[in-house]
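Letters are used for the chains, namely A, B and C, taken in the order the chains are written, and counting of residues starts over at 1 for each.
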Amino acid sequence: MESGYEYFQRGMLRRKWKGRIFHAICLLAIVLVLMVLATLLYNIIEQGWNRIDWDFLTGFPSRRPERAGIYGALIGSIYVISIASITSFVLGVGAAVYLEEYATRGWFVKTVQVNISNLAGVPSVVYGLLGLEIFARTLGLGDSVLAGGFTMALLVLPIVIIASEEALRAVPSTIREGAFALGASRWQSIWHLVLPQAFPSIMTGVILAVSRAIGEAAPLIVLGALAFVPFAPDGLLSQFTVLPIQIFSWISRPQAAFHEVAAAAIMVLLVVLLSMNAVAVLLRLKYQKRSGV
Amino acid sequence: MTGESAVVQAKRLSVYYGTTQVISDVNLDVARSKITAIIGPSGSGKSTLLRCFNRMNDLIPNFKMSGQVLFEGHDLYAPDVDPTTIRYQVGMVFQRPNPFPKSIFDNVAFGPRINGFRGDLQSLVEESLRRAALFDEVKDRLKSSALALSGGQQQRLCIARALAVSPRVILMDEPCSSLDPMATLAIEELMRELSEYYSIVIVTHNMQQAARVSDFTAFLMGDERRVAELIEFNETRQMFTNPTDERTEAYITGRFG
Amino acid sequence: MGPIGFVSTSELRLRRYFTERIIKILLLLCSVVSILTTIGIVSVLIFEAGLFFSEVSIIEFVTSTKWTPLFSSKHFGIWPLLTGTLLTSFGAMLIALPLGLLSAIYLSEYAPDPARQILKPILEILAGIPTVIYGFFALLFVTPLLRSISDDVAIFNAISPAIVMGIMILPMVSSLSEDAMKAVPRSLREGAYALGATKMEVATRVVVPAALSGIVAAFILAVSRAIGETMIVAIAAGSNPNFTFNPLVPIQTMTGYIVQVVLGDAPTGTLAHKTIFAVGISLFLITLVMNLLSQMVVGKFREVYE
């Protein structure tokens, strides 16, 4: 009988080549994506670079692109984000603590978990419709930063809850048991031991949620945030705009000069986002160092 | 044993997880100011029995029990008893040391602080560490992290932590199983010192340890249905030289387990 | 030896008991908020859409191919918005699916550790870029680029946002697929290698099929995300509700329409304004069905392998 050796050899060569080509294609896919990212960044920086100056950062939008500034939008974003992050932090961590530490594994927990997963997938405009109807109209908050902040809080709440749940789960149960054996009540063990231990992970989750919220425009547009705001909000019930909406409105103008201003504003937004993510990464590193004792 | 010399008593104690029975009909008196050991093959429910004495089993969802557990003559499981008030009076040391990620001082001070202690915390911590034979080794670094201590030191820290809330009974669940022989010896010596005032119950799978350390021994074993029952309970010297039940003898002489 | 001097008072016990109860209730309320949110969304949409459908026939809504609620001669057929959404989302998936899956295969099976450490954060950055920025890119870079290639491409079109949306969802497809592939036990791969399979064969014939349920779920979730995306299409796709399958002309998506009305002059309470809720509930239902589908896919097929 002829040996199969030769047959195997040929088959092997072809298979090896197929493998190499496939490897190259996969690599190409990633490289393509990286190139697109690089082009995007280059494009933006090239257009916006010379529009960034102190006047830009402290000025207000105007009909003349040379005079346009983002101060109103920046302050508006800060207001909205602060309200959103505090609200979602309190509600989100509270819910996670209840679900992980207090509730028994029954229908209630399951319902809430499924509910949260679904909420995470709802389009952001729909949150805008919700905010419009409930916060702006029914509760009478109008198109104020408070309404905007609450709407964004609801939008990112699922993220905060999921991240906090994971953080709490990562705390070893021996710590809780040690506290109970000393006569601590459940809340005492949570407040003094579990939460401090889970805190860095929770904060990472909150920062992630907030960076998502900073870049969102759709829900706030639906809520009624204005596109032309030549002032900074001066209170919780004030009208407002946020950075992404300001960018959107400048892009929508036909004049190319406004596009440059938009690019500059985009750079500011990216810098803010980058710093937030850097803080999150630093927190994660510090946490790993601490628990690796 | 009468009620006066028994600080904890289990009467016809049976334990179920849901519908599965794990412990059957245990009658056990824990003698005051003595060391009682619970021995038996692994998986025989020793830890479960121990955790009945400070209501730690309450934390497990399907836990059910029948029978009684008396602490100083009072029913531990009476409906109006709040488990958190029991747990510092019947303290517990775990199989693996579980110091909190805090300083040595804060670990020992934790129990008193959450239970509302208003006296001199400094001397309370110092006294607890002395009684746990740890003070001399750590007195210069009370503020440093407890996680930096060796395994044996961490376990003594956990003992000091339990002592700080003035328990009357100390439950120890295989306290030496994750320690080296030197540290084990140190803990055994400590136990003998502590038994002068505290009543100690220790679960151990190490028979020699039980023989060395305890005054009374209980032998727990599961039957064919894997339900644990108390095979024999006696003074340690009696049990190890002249066991009354043949299963006890088989276990002690190492024929199984 | 005696007791060290510690005693817990009954007054403390009582106070602690009440504190525990109150705290537990507060925390419970926090977790109820999420349920309230869902109830809120559903009731708002049903209520307002209900008002809309009391004036407009639902048959017309579902079958007509003309959508002109803001003109004087009003038609209320949802189909133009649906085709607009379809064009952009489908186009996005044409890009995101293959590229995302290939990236996932590379990261999961081929990439050396240092490469993975760099590439994963970069993909995460892509996922975190605000969508207005993608919209800028679509209108002011991709569209002019396409127009320089062919004159048939209009200033507002479906293909430009589709391409950019594809890039935007790609990290989602990639990381979810990668998670699914990572979950395939090593023993399966080793079995295949032991039979003489090459890396590509292990990846394509063992790992991907084993992880298929997770990958399909990832695809469905990504499409759902594309359908719900607003800013990119609001900027680059146009505001012409157009029942067409031509990707080179201006169209309008469901999300783009909502933004247009809100930024426009339709006063609250008019029929024109109520259309946003009719469109909103359609959008919500579509994405809900897809999200539930993806959860079902993961649940049902997981049993087969474990």
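Definition applied: a contact is a pair of C-beta atoms (placed from the backbone, for glycine too) under 8 Å apart; a residue touches a chain by one contact, two chains touch by 3 or more.
Values in this document were obtained by computation on a predicted structure and should not be read as measured data.
A.B. asks: Can you name the chain whose C-alpha mean lies closest to the mean of all the C-alpha atoms?
C.D. replies: Chain nearest the overall C-alpha centroid, as shown: A.
A.B. asks: Decide which interface, A-B or A-C, involves more C-beta pairs in contact, and give its chain pair.
C.D. replies: Of A-C and A-B, it is A-C that has more C-beta pairs in contact.
A.B. asks: Of the other chains, whose C-alpha centre is the longest way from the centre of subunit C?
C.D. replies: B
A.B. asks: How big is the gap, in whole Å, between where the Cα atoms of subunit B centre and where those of subunit C centre?
C.D. replies: Their C-alpha centroids are separated by 54 Å.
A.B. asks: Report the inter-centroid distance (CA atoms only) between subunit A and subunit C in whole Å.
C.D. replies: Subunit A and subunit C have C-alpha centres separated by 14 Å.
A.B. asks: Please compute the C-alpha centroid of subunit A, do the same for subunit B, then give the distance between them in whole Å.
C.D. replies: About 49 Å separates the centre of subunit A from that of subunit B.
A.B. asks: Which subunit A residues sit where two or more other chains touch them?
C.D. replies: In subunit A, the residues touching two or more other chains are 183, 185, 188.
A.B. asks: Got the subunit C residues that touch at least 2 other chains?
C.D. replies: 8, 16
A.B. asks: Send over the residues of subunit B in touch with two or more other chains.
C.D. replies: Subunit B, residues with two or more chain partners: 84-85, 88, 115, 165.
A.B. asks: List the residues on subunit B that touch subunit C in their complex, please.
C.D. replies: Those residues of subunit B that touch subunit C are 82, 84-85, 88, 112, 115-117, 119, 124, 127-128, 131, 163-166, 196-197.
A.B. asks: So in the complex, which bits of subunit A are touching subunit C?
C.D. replies: These residues of subunit A touch subunit C: 15-16, 18-19, 22-23, 25-27, 29-30, 32-34, 36-37, 39-40, 43-44, 47, 90-95, 97-99, 102-103, 111-112, 114-119, 121-130, 133-134, 137, 154, 157-158, 161, 183, 185-188, 211-212, 214-218, 221-222, 224, 227, 244, 247-248, 251-252, 259, 262-263, 266, 269-270, 273, 277.
A.B. asks: Give every residue of subunit C touching subunit A within the complex, in rising order.
C.D. replies: 8, 16, 19-20, 23-24, 26-31, 33-35, 37-38, 40-41, 44-45, 48, 98-99, 102-103, 105-107, 110, 119, 122-123, 125-126, 128-137, 139-141, 167, 170, 198-201, 203-204, 221, 224-225, 227-231, 234-235, 255, 258-259, 262-263, 268, 276-277, 280, 283-284, 287-288, 290-292, 295
A.B. asks: Can you name the residues of subunit C that touch subunit B in the complex?
C.D. replies: Within the complex, subunit C contacts subunit B at residues 1-9, 12-13, 16-17.
A.B. asks: Which of the residues in subunit A end up touching subunit B in this complex?
C.D. replies: It comes out as residues 104-105, 174-175, 177-185, 188, 192-193, 197, 290-291, 293.
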